[in-house]
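Encoded as structure tokens, here's the structure I'll be asking about.
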Amino acid sequence: MFRQVEEQLYTAVISDALDELGSRDQALREFLRPISGSERIVGWARTISCVDVYHIPENPYAMEIEAVDSILPGEVVVVSTAGSLQNAPWGELLSTAAQARGARGAVIDGLVRDVRKIQSIDFAVFARGIKPVDSKGRGTIIDYNVPIDCAGVRISPGDLIVADYDGVIAVPAEVLPNLIQLALEKVRKEDGTRAELKNGAYLKDVYAKYGVL
Amino acid sequence: MFRQVEEQLYTAVISDALDELGSRDQALREFLRPISGSERIVGWARTISCVDVYHIPENPYAMEIEAVDSILPGEVVVVSTAGSLQNAPWGELLSTAAQARGARGAVIDGLVRDVRKIQSIDFAVFARGIKPVDSKGRGTIIDYNVPIDCAGVRISPGDLIVADYDGVIAVPAEVLPNLIQLALEKVRKEDGTRAELKNGAYLKDVYAKYGVL
Amino acid sequence: MFRQVEEQLYTAVISDALDELGSRDQALREFLRPISGSERIVGWARTISCVDVYHIPENPYAMEIEAVDSILPGEVVVVSTAGSLQNAPWGELLSTAAQARGARGAVIDGLVRDVRKIQSIDFAVFARGIKPVDSKGRGTIIDYNVPIDCAGVRISPGDLIVADYDGVIAVPAEVLPNLIQLALEKVRKEDGTRAELKNGAYLKDVYAKYGVL
Amino acid sequence: MFRQVEEQLYTAVISDALDELGSRDQALREFLRPISGSERIVGWARTISCVDVYHIPENPYAMEIEAVDSILPGEVVVVSTAGSLQNAPWGELLSTAAQARGARGAVIDGLVRDVRKIQSIDFAVFARGIKPVDSKGRGTIIDYNVPIDCAGVRISPGDLIVADYDGVIAVPAEVLPNLIQLALEKVRKEDGTRAELKNGAYLKDVYAKYGVL
Amino acid sequence: MFRQVEEQLYTAVISDALDELGSRDQALREFLRPISGSERIVGWARTISCVDVYHIPENPYAMEIEAVDSILPGEVVVVSTAGSLQNAPWGELLSTAAQARGARGAVIDGLVRDVRKIQSIDFAVFARGIKPVDSKGRGTIIDYNVPIDCAGVRISPGDLIVADYDGVIAVPAEVLPNLIQLALEKVRKEDGTRAELKNGAYLKDVYAKYGVL
Amino acid sequence: MFRQVEEQLYTAVISDALDELGSRDQALREFLRPISGSERIVGWARTISCVDVYHIPENPYAMEIEAVDSILPGEVVVVSTAGSLQNAPWGELLSTAAQARGARGAVIDGLVRDVRKIQSIDFAVFARGIKPVDSKGRGTIIDYNVPIDCAGVRISPGDLIVADYDGVIAVPAEVLPNLIQLALEKVRKEDGTRAELKNGAYLKDVYAKYGVL
């Protein structure tokens, strides 16, 4: 299934299929944008919960190291920060480490740094923004592999993350088979609609024929 | 006039001319940015009013289809959403349909999707942001060809929309002739100012000579 | 020192060194982004304080002209606006004038215009956003060479401004010598960390060895 | 059931019971505050959807009049506005009309006016804020008795609205019987906890005994 | 006229009359709330422009003292701050001084302090909020008796300010005579509407008769 | 010292004295308002760090119970939440427990619930707002007796918290003796200034005499 999503689908059509299945709140907020890397990433969510702090805890990086070292091939790192704008919990060295473990990318509901270097290793990162500050004394990882809120969507370990230029979608694993079928049908109808519109047909007629917009 | 604006003017100098004519609030808010397409668009406003909904109305796309099918060549689609961040009322298929009708671009005070595909057909779109969600059950068109508020500016059908990398300006049709003359004079003075500054002249002297900044 | 910063350092590592020296709030807010120009700028802050107005004062550009004409080579113009979104206090002509005086770039905590033209003369500008409006009747310079707040950081004349794709840092002049030494050490440790991570080492082991992240 | 909620329960304990039943997002956002009237209101939701407009439509009040005239005794008017801050869709005359129909109060996700007069007739209103502007040319009712979003919560016709000084809760009708039982048990445990804490017992011991906080 | 407004009118009905006269943007934003003093104030605007600073200027209070000492009886002090949340430009001593000069109140588009003391002298103040900080080194008065923007409305010296629990309205002096007549008519129609609604009449019939809502 | 602050000083004059001592950022943001209790509270900060969660952790209240049970007489509970609007980490039972331990009040940079009941036991609470939701599954205490950020101010255990109707001030313990002396002098000058202004003196003369405003 994984490959089928990657090769034939995209976030917009997946969102439409999720709508039809009754999961209407799976698209992350618009402020998460691609900062680095390839056009489309697909992978299983590896969730990490980061929170703001205002002093340097005893082992500031302990759980962060544990979380990143345990990443499995085919995963996408998903980090929540409660929308922190004081901390940049992701950067080049974590990207390098995650890439070495097989991660397909990272979705950070917060800020990142070292962006030119992350781009140079072609590691896909979606984030809220960019700031050159370290996390030491600004944020700490309190848990991983737990449900988190990332840019307005509840994401659980094992959800399928699909991200492209239009944004990021979290697909609950259990709806995946139905979703793929619905989405492929939608792709076909959109192809027909597009072709007729390009030939100058009116929306009214094309919509009557294909039923999609 | 239309062509003269397109070839010789740009939003900054049009804004200055509007200032001189006493229309000081015609530049749309800074959060509308070019998402796709050519460097400059000029066209008559075709306004569409979209509002958030939380259920799927009976004919969800009825008025949207009517509005888009009636677009005339030389128009720019302008969509208000009251700043909705839950709905993406514009995408590839509507871009294709609008382009087929002769629209010169779209200015969406809201979110859009299918951005890579819109870019591939080179249709100009200015918007608040990007999110991969459909409008069905999220927004509905309640009216078109009525005054709307788009990114902080009241826009009426028939205003001239000028948009480039610096932003979007709405020019009330009645001031257009005076505006073009003032703007062309301003362009000439800016050219003189620029040339002298490049040669190392001080602002004080150049401003005394040309009176523009 | 100036050249050493420019050639060997970057904002992320400078921020880390400032952290170690106890100056933890020197990185400007994430909403300042590069709008034009070269990848990295370094220069002494020339501060300018701009405030919103709602009428055209007597000599609207008087102090602005004075401030820009007095720029010295090697300076970076830093403009505060209290976060104004109604005024674009910087544009092409001021960029041209500042460049002619030897300025290395401009950091505007507000909006700018004429962006394509500023890009064409390759003058570095960091700003909050873009809007095609003039400052006349929207903002006025009330002072320069005074402490200002720029994107959340108190900046004084003579601070060293370093800006690259990761953001903007203000370095108080007095900490500069210590900072450079600390930052160069950090660069070396990061190089070692990166190399081992690329070879597949675990973060746990690499962090134990180099102590940086 | 209606009366039992009114006399023995309150929003905080209802929220806790909804949590236990898995409905964790039923409390409206904190910006809705009591503006007028009695300490607690309970009633069935009569939903009204209001949207911003920028011109005066043909029959500006037509659907509003229809919606208010059809209010039934025991209902609470719930108005969505997509968070409009330009329009005050509720005021004294509508309060008087709704009160005459038997409404128990109004929850307005927007602004209201005539507040001193609404207070003088003791009609309960919860709202975002206060502004003395009419809705004509600023907002229009597009539908009623449909699902709406009010201060972050999806509310459907027939949900039970409970509001007091702590805020507003929407209870889906189908969970009401279970909810009341759970909530009454929680009240009892809170009473025990409170009594022991007042006597100086430690939280640790009291929580071990009653299991609530 | 002054007295007629004070005794027979209120902000809501004045706003409606301004709407009819085509001045639809004269109500200040909803975040200005009464902080102290009597239920209704009416007076001519004495405008003061305050801006944020980040150091202590030479004579920090010079223009503030001049502005306050020149207040005339029957005026309302109106202070703009560009929405500053770092500075509280108004407090007890200025209230006492303004009251001694005959001011009827103050409308501060910003923060105030000494609120309990201002309440104890019964001086009417409308403001954004409360914070116990002095203006020295945080804000400075750059001008007075000039047009300013206060909570979203352009206010010029000599506009009539009317403020009550529903908010603040700025009435341009030239429309005042027409406005009073229209507003008094509206009051009469509202009185009729209210009386019939209280007797249980339906909105539909009452609106057909009086034409107001 | 404690008593002297409580009886003779108030937040505004303490803020001025801190300004003179160079601590200009000790006043908490304006959105913290008194929700319950007496006019003025003074006490040593007992800091608690609460963060958002999206699932129910194993012992959801464990550290919260420990933190509250360890409160000492004369302390003020200060809770940070990174500005959470999803969680209400403080309510009646914690107020009762804290009051039983001798706490003088609570300053919550977040939401609270059970407000009517907190008012009925006359426990002083300052907070951002009110929402009737429990913290279980919404927030968790990760630490206490550590430096936190509360409404924009870094607060450390042992800072003196002073709060009244004007807001909340955090006084670092080491500056307290100097502060009290400066503040008492300021009170005396304000008393003289006030008396003369009430007699109709001009600000110019009174400021020349007392030097305060």
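The letters A, B, C, D, E and F name the chains in turn, as written, and every chain counts its residues from 1.
By definition in this document, contacts are C-beta pairs under 8 Å (C-beta built on N, C-alpha and C of every residue); 3 or more make two chains touch, one makes a residue touch a chain.
Predicted model, so just to flag it, every value in this text is computed and none were measured.
Participant: Show which chains lie in contact with chain D and also with chain E.
Facilitator: Expected: F.
Participant: Going by the stated contact rule, which chains contact chain C and chain D alike?
Facilitator: B, E
Participant: Look at all chain centres (mean of CA atoms) and spot the one farthest from the centre of chain D.
Facilitator: Chain centre farthest from chain D's centre: C.
Participant: In terms of residue-numbered contact pairs, which of A-F, A-B or C-E coincides with D-E for over half of them?
Facilitator: A-B
Participant: Between chain C and chain E, two touching copies, which fits better, same or different residues at the interface, with half of the numbers shared as the threshold?
Facilitator: same
Participant: Please identify the chain with the largest separation between its CA centroid and the CA centroid of chain F.
Facilitator: Chain centre farthest from chain F's centre: B.
Participant: Can you check how far apart chain B and chain E are, centre to centre, with Cα atoms defining each centre and the answer in Å?
Facilitator: Spacing between the chain centres: roughly 35 Å.
Participant: What is the distance, in whole Å, between the centres of chain A and chain C, each centre taken as the mean of its C-alpha atoms?
Facilitator: 31
Participant: Whole-Å distance, chain B centre to chain D centre, using C-alpha means?
Facilitator: From the centre of chain B to the centre of chain D is 40 Å.
Participant: Which chain A residues reach two or more other chains?
Facilitator: Touching at least two other chains: none.
Participant: Which chains touch, pair by pair?
Facilitator: A-B, A-C, A-F, B-C, B-D, C-E, D-E, D-F, E-F
Participant: Taking the touch rule as given, give the residues of chain E at its contact with chain F in the complex, in rising order.
Facilitator: Residue list for chain E touching chain F: 61, 64-66, 68-69, 85, 91-94, 96-97, 100, 111, 113-116, 128-137.
Participant: In the complex, go through chain A and note every residue touching chain F.
Facilitator: Residues in contact with chain F: 49, 51-55, 57, 80, 82, 84, 142-143, 146-149, 154.
Participant: Give every residue of chain B touching chain C within the complex, in rising order.
Facilitator: For chain B paired with chain C, touching residues are 10-12, 14-16, 19, 24, 27, 29-31, 33, 39, 164-167, 169, 190, 193-194, 197-204, 206-207, 212-213.
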